[in-house]
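Take a look at the structures listed below.
Across the two complexes that follow, chain A remains constant while its partner is chain B and subsequently chain C.
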Partner chain A sequence: MVKEEKEIANRPDNTAFTQQRLPAWQPMLSAGIVIPGFVLIGLAFIGIGVALFVTSRSITVLEIDYTGIEKDSPCYKCSDSDAKNCVCNLVFSIDSLFEGPVFFYYGLSNYFQNYRKYAASRDDEQLSGDLDAFTAPSDSCSPYNYNSNDKPIVPCGAIANSMFNDTFVLYRVVNGAKQLVPLDGKGIAWWTDYNVKFRNPSVTPLKNAFNNTVKPIFWPKPAYQLDTSDPANNGFINQDFLVWMRRAALPDFRKLYRRITDGDYAKGLPAGNYSLTIAYNYPVVSFDGRKKVVFSNVSWMGGKNEFLGIAYLVVGSLCVLMSMVMLIVYAKFKFPEED
Partner chain B sequence: MAVNENADRPKAVRLRGKDVNAESSLKWPELYRSGQRQELSSPLILISSLLYAVYSSLVFFFIPFGVFHNTAYDFQTMAVTVAMAATFTANVEISLVTRYWTRLNVAAVCVSVVMFFICSRITHSTSLFKASPGDYFFLGASNRAFIDPLVWLTALLTTWTAVLPSMTALAINVIFNMHDKHKVHSASSQPVELRSRLRRGASLRRSSYALSQGAGPGRLISSGTCIRSTVPTVDEQVTADNNPTDSQLQINMKNK
Partner chain C sequence: AHIGVGISGQEGMQAVLSSDYSFAQFRFLQRLLLVHGRWSYLRMCKFLRYFFYKNFTFTFVHFWFAFFCGFSAQTVYDEWFITLYNLVYTALPVLGMSLFDQDVNDVWSFQQPQLYVPGQLNLYFSKKAFFKCALHSCYSSMVLFFIPYAAMHDTVRGDGKDVADYQSFALLTQTCLLFAVTIQLCLEMSYWTAVNTFFVLGSLVMYFAVTFTMYSNGMFLMSPSAFPFIGTARNSLNQPNIWLTILLTSILCVLPVVTYRFLFIQLCPTINDKIMFKVRQAKASPAPPPRRTRIRRTSSRRSGYAFSHAQGYGDLVTSGRFLRRPALSRSSGLTNAGRTTTGFSPMGRSAGYSPTGRPQNAKVSDVEVTSLQMYRTITDPSL
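Now for the complex of A and B:
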């Protein structure tokens, strides 16, 4: 009586959802679907792999290591840690037209920008122009938040402190004379970094915002003097600073330095001899790091990337192979049954 | 995370699987044989799940590592790539396990993938960044990553490689078991004569499930009365002479 009513009250509703009567599709897999499926996917992957490999092959890359560890390297004299304001000259030649637009990267290896403590060592509030954070940098920046005299460092943190400061000037050697190759440094950083993420404090002149603060210990000049000729490239929105602050994924990485797109070099770098003058300031020898310059052109898939093409080819071939094996196994398995 | 996803697979099966009515249960006892034999939680299954999780973790890292090594791509783009691959892999794994594709199942998979993209765009947006720059520092990462063909191709390759062992196991399963034996639920359920050969209390060889649902001792088991330790405490020993303990009651009923 009462118990029955309780049981009826607890009974689930008689709808299609609660009684599991929903219309459903049940895939009926058979060997005739699975094996051709594997073959199709394998062939698709092989196709993508071939396209990627061919595209990657058509990209030209020129890498020159200039760390200066070897005695016969032009920058050997600069690799000494005591050398200050050292300048070295790299000479190289190009056999055929290096098609443009040519991208000029600097590369570092054995440099762990993805190390957790290093990666957390920044103050995003400071970098978005918050003046309160100028006087009191966040603790995540320590020990690069205050200097030995307890003055706040702006911009604080290890990432900002370790900013790459080698500079490069490229010349083309024509009949013994050096012609300057114009390098374009506009728009090398992300649009969102330049326009949203990093903001200069809204104080004019910019120098006044940095009163009672000091520059990072490793920097030669403070942030408001990063590019005195162009106020749109000064302070926190300096393009080289933004490129550096965008942390690299892996210990061997490249960062865009300049593009070669102007004037005579719009179609690319013509064949000939070139001379690269490097102001060697950044020390990497102490941690077995290497520095290099990289010239590259780009395609729809970015820079040269042979790994992806080869990986697709390998996985595609593996799938096709597996489907062959499964076909043989299926054939052998099926025929004894029919006998 | 891979271990978590693999642990969710039995859960997913329970949520997506279809229940079976009494007639069908009697007709196809092989449906619950795997539970009786503890096939789904044996050490072999656990170890193979663990190995599979380790394999997928290695795949999720090393394929993007190989692609982004010595390139100008940054940490956040690589993070978005790995997240994309992980989302796709989880959804593919669940799809492989799903046997009954109702509209809800299709919607769940689609919503899962779409929500990943929507939530990424939201957490990488300008408004959230301006509200809290220290927390939402992935600003702009998905803008560039979601339109980059390299990111998509890497995610696709990583997904397929991570899912490959499951796919192979499924393929081998399909090839070795003729699929017409598996037309379990497509046949219309005809009324089956409920002839149970087991008389109540006739033999001790009943499955624990049947025992727990039966009358008499079943009520005790379902209500959890027997979960208390049968070792009498000091207090209980005093009253033991007066009242029979639960275990004694159970043994009495079994021996009827």
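Now for the complex of A and C:
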């Protein structure tokens, strides 16, 4: 009969999908799940927090500010903006063995490497060795892309231009005599930065690639003379340059300068007096910045950071506390079963 | 009115064309309102609340970061993440929730029509609900920024190298954000079909797949300035302190919500909570299905005037005859049709009334007030 077929043709599908009857899991926030869950999370977090806190406590850090603003600071004479090629000497002592491997960082404060225009002021094509970008640096680098004679600057941009150029030499004072502590500058930058992201142009000698370009305005030497003793550390793949170009996220940061791992100091820095000779080149006083050196050792969780351990402990305890509260509320106020 | 409903039938398609919803029988109205309307309201409100939450959280983090980047409008996240966040990473899960979510199934919706009341009272999305959502976003954004900030402050990798750089920080905050909003979505969804679960887990997997691809060597070598984040995922996501920060941040964003909801369910349960609890108990020990006796609708259809496309019953209606009961002594030509529900025929014959029958008289005193049962049935050999 025509009418029946028409009715059947118009009838919608009776599948689980179209009739919204798909099998499903319907979880509910019931007491049996929430309260034990909170207890478990609380206990786990307390455990993690204890581990983190204990580890962080076992890391030693020594920070010395050498900006030289205070009159009694050894670098006071260098903080004057007119002082050129100033060298200052910091003396400090270590009470007990500073366990190795010891990492030597320089730190800057109130320095906004995360400022948007600063952070955009680089040319990644140039830094990956593209010679076309040598003759025509990208506009994102301006005003640090061409100098006053319209010659292209290589490497261009504000980040490269403001590269940190203080140098440090560490001596251990033994019986009045200064013993040089060997500082290792290899492998301080990320492997991917050194091998993939930054590439020297494939021109030998490297100097020829930089014909008709000029060095950044603030640099004392051009890029192909950053480390003339080691071609694997020269040009764009210089480790200090790579560390500087990896811009920091926050206004107070520290960057790895050297590692102390060789010879007598493989186990760490023994107790005693030390003297740090600083070639103070980098001006920070004009913007209220501060400079410091940091000696630190590391562990599986990285450098010393007590926040994470304390945060885990606090959150874990709060969880356990809340689970007690919820248990009390549940026991007293179980909602009535009538409708 | 909120919607217009048309009945499609023999009166022509005008009502159908000008209405929002149309169906063929009046009884479908119950299902439209109590099941589909209710589900639609629920889904829409959950969708709106969650969508505002996830975008406000995403944006407020930049507000906090502004204090630490010299107010230079530097984004906390990778630009590719910002592009793909609403497009790929959080699009399908929200879509899944707003298509499939149900609080109780249709049988229970019928049995408990008081579930419809929250929709009438505008409870699920109002200015108050929006404000609560904004407040929740504010809290989440603070957690999502300040915990990574404090955890990454002056910290380094396990081998002494940099991990507090901008790119690692961006990766950390964006991963924390994605985990936090995904867990929040999991809390909102109350109906986990296979499709939903696939969307949620798939989006997370997609995030990691796309991130690792974009931060890989191959993409960088294709276009160095478009993919500057090379190596970041490899160098920072193998650090335990990064993962511990992600865990802490996501859990801290979500636990207050769970606590708040649980306490509310215990202290002032809504209709929904009570009924979902009942459903749960019924599933545990299924009650026998209620035997509803068929209500014999003997007198609900006063007239069949809407069910004809023949001459129609217009004159019957205007005569008022069907409203008056005939005297019981009438005999000729009338059969007492005891029921009128079965044998429905769009030709209008089932009412026992023939449009070609006796002349319509405006005032026939011998017609009873109530039903059509008193009219003559015509046996039509053509049917």
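One rule holds for everything that comes next: the second predicted complex is superposed on the first by the 308 of 339 C-alpha atoms of A that agree within 3 Å, B and C clash if a C-alpha of one lies under 4 Å from a C-alpha of the other, contacts with A are read in each partner's own complex, and residues count from 1 in each chain.
Here is the rule we go by: contacts are C-beta pairs under 8 Å (C-beta built on N, C-alpha and C of every residue); 3 or more make two chains touch, one makes a residue touch a chain.
Because the structure is a prediction, the values reported are computed rather than measured.
In this superposed model built on chain A, chain B and chain C take up the same space, so to speak, and clash.
By the document's definition of touching, of the two partners only chain C reaches A:Ala189; chain B does not.
Once chain A of one complex is fitted onto chain A of the other, the partner contacts of A:Leu170 are absent, as it touches neither chain B nor chain C. When the two complexes are overlaid on their common chain A, residue A:Arg247 makes contact with chain B and with chain C alike. Of the two partner chains placed by the overlay, neither chain B nor chain C lies in contact with A:Ala209. When the shared chain is aligned, chain B and chain C each come close enough to touch A:Lys197. In the superposition on chain A, contact is made by A:Pro27 with both chain B and chain C.
Using the contact criterion defined above for the overlaid structures, shared-chain residue A:Ile278 touches neither chain B nor chain C, since it reaches no partner. Touch criterion not met for A:Val181: it reaches neither chain B nor chain C.
Of the two partner chains placed around the shared chain by superposition, chain B and chain C are both touched by A:Glu125. Put simply, more of the residues of chain A are touched by C, taking chain B and chain C as the two choices. Shared interface residues of chain A, touching chain B in one complex and chain C in the other, are 20, 22-31, 34, 38, 41, 45, 48, 52, 105, 107, 113-114, 119, 124-125, 127-128, 138, 190-193, 196-197, 246-250, 252-256, 300-303, 305, 307-308, 311-312, 315, 319, 322, 326, 329-330, 333. Every residue of chain C that touches chain A in the complex is listed here, in rising order: 39, 68-70, 72-74, 100, 102, 105-106, 112, 147, 149-170, 190-196, 217, 220-221, 224-225, 228, 230-231, 234-235, 239-241, 244-245, 248, 251-252, 255, 258-259, 261-263, 265-267, 269, 273-278, 280.
The touching residues of chain A, counted against chain B in their complex, run 20, 22-31, 33-35, 38, 41, 45, 48, 52, 105, 107, 113-114, 119, 124-125, 127-128, 138, 190-193, 196-197, 246-250, 252-256, 300-303, 305, 307-308, 311-312, 315, 318-319, 322, 326, 329-330, 333. Listed in rising order, the residues of chain A touching chain C in the complex are 20-31, 34, 38, 41, 45, 48, 52, 101, 103, 105, 107, 112-117, 119, 123-125, 127-128, 130, 138, 188-193, 196-197, 243, 246-256, 259, 296, 298-305, 307-308, 311-312, 315, 319, 322, 326, 329-330, 333-335, 337, 339.
Those residues of chain B that touch chain A in the complex are listed here as 18-19, 63, 65-78, 99-105, 126, 129-130, 133-134, 137, 139-140, 143-144, 148-150, 153-154, 157, 160-161, 164, 167-168, 170-172, 174-176, 179, 183, 185-186.
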